[in-house]
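Presented sequentially are two complexes of chain A, the first with chain B as partner and the second with chain C.
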Partner chain A sequence: MFKYSFKRLLQSIGTLFIVITIVFLLMRLMPEEGYFGDGFEKLDEAQREAILANMGLRDPIHIQLKNFYKQIISGDLGTSIIYRPKVPVAEVLKTKVPYSVKFGLAAMAISLFCGISLGIIMALGKNKFWDKMGTGYIVFINAVPAAVYYLFLQLYVTDIFKLPILFNPSKPASWILPVVSMSLGSTASYAMWMRRYMVDELNKDYVKLARAKGLKNKSIMVKHVLRNAFVPMVQYLPSSLLYTIAGSIYIESLYSIPGMGGLLVDAIQRQDNPLVQSLVLIYSSIGIVGLFLGDILMASIDPRIKLEKKGGAR
Partner chain B sequence: MSNTKIKKLSDGINKSLFEFASYNDSAAKRAGYSNYSYWRSTVQVFAKNKMALFFLILMMVLLTFTFIQPYLPNQNSPTKIHIDENTNMQLRNSSPDSKFWFGTNSIGQDLWARIWSGTRISLMIGFLVGLWEAFIGIIIGALWGYVRKLDRIITEIYNVIDNIPTTIILVLLTYIMRPSIGTLIFAMCMTGWLGMARFVRNQIVIIRDREYNLASRCLGTPTNRIITKNLLPYLVSVIMLRMALAIPAAIGSEVFLTYIGLGLPVSIPSLGNLINEGRAVMMVPSLRYQLIFPAIVLSLITISFYVIGNVFADAADPRNHV
Partner chain C sequence: MTDKQVILSVKDLVVKFRLRGKVLTAIREASLDLYEGESLAIVGESGSGKSVFTKTFMGLLDGNGWIDSGSIIYNGEDLAKYRKEEDWIKIRGKEFAMVFQEPMTSLNPLRTIGSQVKEAVELHQGVKGEEAKKIVIEILQDVGINEPERRYSQYPHEFSGGMRQRVVIAIAVACKPKILICDEPTTALDVTIQAQILSLLKNLKKKYNLTTIYITHDLGVVANVADRIAVMYAGDIVEIGKCEEVFYNGQHPYTWALLSSLPQLGVKGEPLYSIKGTPPNLFSNIKGDAFAPRNEKALKIDFVEKPPYFTVSPTHKAKTWLLDPRAPKVDPPESIQILRKQWRESNYE
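What follows is the complex of A and B.
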């Protein structure tokens, strides 16, 4: 177990290193006016060169890369250029991160609860009304682009329930819709897998034996089927994190929540390269850390997983 | 038991038991004959699902209409700006009527024509991404599964890309490159082949050394026959599913990227652009049709592809054939 965790940690660090390198190199391919802010037209060629040289962008690429690693390790994410000129990215992020974390965690908790409950209800009443409704919901959520149904939720649900359309930190009601929207995708995926695992377990011989023994249906469900079906669900926690990240970018901007996702959209629209770069790195790191924790959790919960032979089979 | 046999033997041998049986060619063929055909069974299983048939017909109608729409009479150009004859102004935000079935948008373009033109572009992106995913995914997946030396390297590459949220890769690539159809397709292909490659690889690793393949190989079945008869039927379902799902996924990514400002230029009508235009005016109840019409067409297309893909994948799996 320890050996596996250590190996997996090394792999994650390696991945992070590669990601940092690739992101840095790709960002250097961008047009250079992104480094000047609003004053690009006013400067002549020599001034531009001087500014670029001053920022270290005229050094050979491997030296730039080395400086970038140093900068990252010391925790310096660079300086915003356009979004909030000359303010360090870390400073910009300071107020944004708590919102994203709160919304993300709330959405993940809700989707975990709703998704698993829905999956259980569907499996218990297989091919009955709720199963069909649930399947319809899963198909809809998976097929229709999230960008479309988020819009309609914002448009009509705010009307029907008189909820605020935009996020306002002082109004708790304005939390409801963004969190619910963010959790819809993960809810569908949890429900789908939970139903599948439950149905698989229900068809197994030990359930028949338990019935034959005369155990009550309820105790079979709670003591046997649910417990066994829960274990494989752990592997969907990390992918739920990735879902939530993807959703948060769109939803935070839709409801003008002052979080990282909305910031990324703003930064992209204003072409603030250092800010985009830092946010891309942060999101990638969240993904890497999330999958790492998910794998460790999975391995510690289910001893049947072959720790060594796992390569690429996830 | 043995005593009775010996007694019977001593009684004399029943000659008729030792005559050569006549070989009846047609009867032998009938016994060993199975009218199983992979594709016919697939179609039969598929046709049992009424919901899937409904969506198949709906999709056929939609696709046919999308592609013949520009050749029908009385169709407007999707980019033509219509002028109101009375006021000589642009015919802005005109509600749906007999001339403009879906109304006009905020600069007086015919929404009906724009929706079908946008559907064509979005579908084209989806198809290209799906085909490319299948092509790259199958090749890399097959190499990954067959060639043991490559296993480690491709696994490492896979782990790196798989660890980053797909959305972030899409955003990064489209941010760096100039917005165009090619950029979108490239970015989506960069992330799309992963799933396909992993499926193909896992299937090949699982099936390759199964007993029946071992038996086939021992009996001297040529490799191409093993591939087409033993391996491919198991892969077809997954490949078709991934391709069918790639289309709604590509349309969805396009809508998302357009929203955050990295999609196609406004001059190219795509479903993403139309939805984004509709979003801009959605707070005015009388103009909501500009969001609702594109959203309905988009949902019908994505749901059809999703349902058909899933049902077809089930039907194409030989284990579900009776």
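What follows is the complex of A and C.
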């Protein structure tokens, strides 16, 4: 287990290193205006060159790369230029992240609870009423573009239940709609996967053996099927948890929540290169860390997982 | 044989399944008496209903199947009347236990071997915790697993197929059943392991005083372990008798066909025998002898009326019109005649 985690950690670090390099190289392909802010038009060619040289952007590429690594390793994410001039990126994020995290966690808790319960109910009553209702819901969520039902909720549900149409930190009721909207999609996907994994497990031979052993259906469910069905689900939990930090771009702008969600879009539109660079880096690191945690979690509950590929039977 | 007690008595059992809106009759009025302490083998080709027949005793039919009529008398109770899960729970494990054919998938991959055997011990032997663990280790030893203390906390993927089958057997034995049903226990294993598992089952039968039912299509297994053989075809037991009687003095044309298809019995220089045609469609209403359409020497009556059991000896009976005194004499195939001759000769010695 320790060996596995260590190996997996090394792999993640390797991946992160590659991602950093790619982000850096891509950023160098962006227009250089992004380094000047509003003053770009007023500067002549020589002044621009001087500023770029000052920022180290005229050094040979491998030196730039080396400096970039150094900067990242020391934990410095750089400074915003246009979005909030001269403010360190970390500072910009500090005010944004708490909102996204709170909304994300609330939505995730709801969708995990509802999604998994719905999935279990659907699997146990396969092809019966609730399974069909649940399938209808899942199909609806997947077939209808999210924007449609988000807007629908905002337009009509606010009317019916007299809920605030925009987010307002002083009104707790204004939390309800954004959180519900955010959890609709993931509830559907948790329910779908849970149902599928449950049905898979229920049809396995070991369930037959457990029945033949004389175990009651309830204990078979709790001691055997549920746990085994959770294993493949568990893999996705850390990454979805981490993505809550990243926030939901659409919902946050719809309800004007001052979270992380819209930040990347803003930064790109306003050509704030250092901010874009840091954000892309953060997003990709979140992905990598999420996958790493997912694998570790999975390995800790599934004894069969070993990193070495042995051709043995599973 | 007759002095032994009947432990399980099945009468005219009919089991049906609903499949794609149609009703399929898997077991057609099969009857069977199982004697205490014996070892019975049920043979037949795939789809003849061997597994379904025995699963019915434990209420393990799939959700779309049901007992339509007939009775299964065990301990004075008619199991065929059981409908609720709670009723079956009383029987499963405690009275009947089952060894399945797929050792690779019959164990929960995420729980240790020990905990899975212990579950059965705790459920049926009324002990818990450390005491149960002790019993588990004893049972693991009994089924031939070395270093049971160490193996106790290992997972199924650390076991080979043969070892896993031993664990599955350990689970069955841990239930302390009266009747052990082995559903093709050796089909998924290679030949050397097969022999080991069979001898293990034989030893356990003696040690734990079990009555065993083997379901198999491997006649080699049958000869090795069984006292009696029941030949099943299209959901009915067409012939039943002591091992030698069915092997060397089979009466039903299907028994002949089954034996003739053994490669060992093939006549040198001739192609190996195989039974022509396919088993009957269980969705349709089968009239007369189910085997008649595949039987080259079928009589006219075979297509009209279902034959009753005809007694060959006190322990041997078969459902074929050939045994009716009015029937014309039909000679069994050459390979069966050779078998009969061998038997007669060996009996004279």
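In the analysis below, the second predicted complex is superposed on the first by the 266 of 314 C-alpha atoms of A that agree within 3 Å, B and C clash if a C-alpha of one lies under 4 Å from a C-alpha of the other, contacts with A are read in each partner's own complex, and residues count from 1 in each chain.
Everything that follows uses one rule, which is that a contact is a pair of C-beta atoms (placed from the backbone, for glycine too) under 8 Å apart; a residue touches a chain by one contact, two chains touch by 3 or more.
This one's a predicted model, so the numbers in the text were calculated from it and none came from an experiment.
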For this session: Of the two partners chain B and chain C, indicate the one touching more residues belonging to chain A.
Result: B
Exercise. With the two structures laid over each other on chain A, which partner does A:Asn217 touch: chain B (first), chain C (second), both, or neither?
Worked result: second
For this session: Determine, under the contact definition given at the top, whether A:Val23 touches first (chain B), second (chain C), both, or neither.
Result: first
For this session: Based on the superposed arrangement, let me know which partner A:Phe140 touches: chain B (first), chain C (second), both, or neither?
Result: first
Exercise. In the superposed arrangement, which partner chain does A:Ala90 touch: chain B (first), chain C (second), both, or neither?
Worked result: neither
Problem set entry | Which of chain B and chain C A:Leu297 touches, first, second, both or neither | neither
Exercise. Just which bits of chain A does chain B share with chain C as contact spots?
Worked result: 312-314
For this session: In the complex, go through chain B and note every residue touching chain A.
Result: 144, 151-152, 154-155, 158-160, 162-168, 171-173, 175-176, 198, 201-202, 248, 251-253, 255-256, 259-262, 272, 275, 279, 282, 288, 291, 295, 298-299, 302-303, 305-307
For this session: Please name which positions on chain A make contact with chain B in the complex.
Result: 11-12, 15, 18-19, 23, 26-27, 29-30, 139-140, 142-148, 151-152, 155, 242, 245-246, 249-250, 253, 264-265, 268-269, 276, 280, 283-284, 286-288, 291, 311-314
For this session: Please name which positions on chain A make contact with chain C in the complex.
Result: 204-206, 208-217, 223-224, 227-228, 231, 301-304, 312-314
Seminar exercise, completed: chain C residues touching chain A in their complex are 58, 60, 85, 89, 92-94, 97-98, 100, 102, 104-111, 119-120, 123-124, 155, 157, 161, 168, 171-172, 175
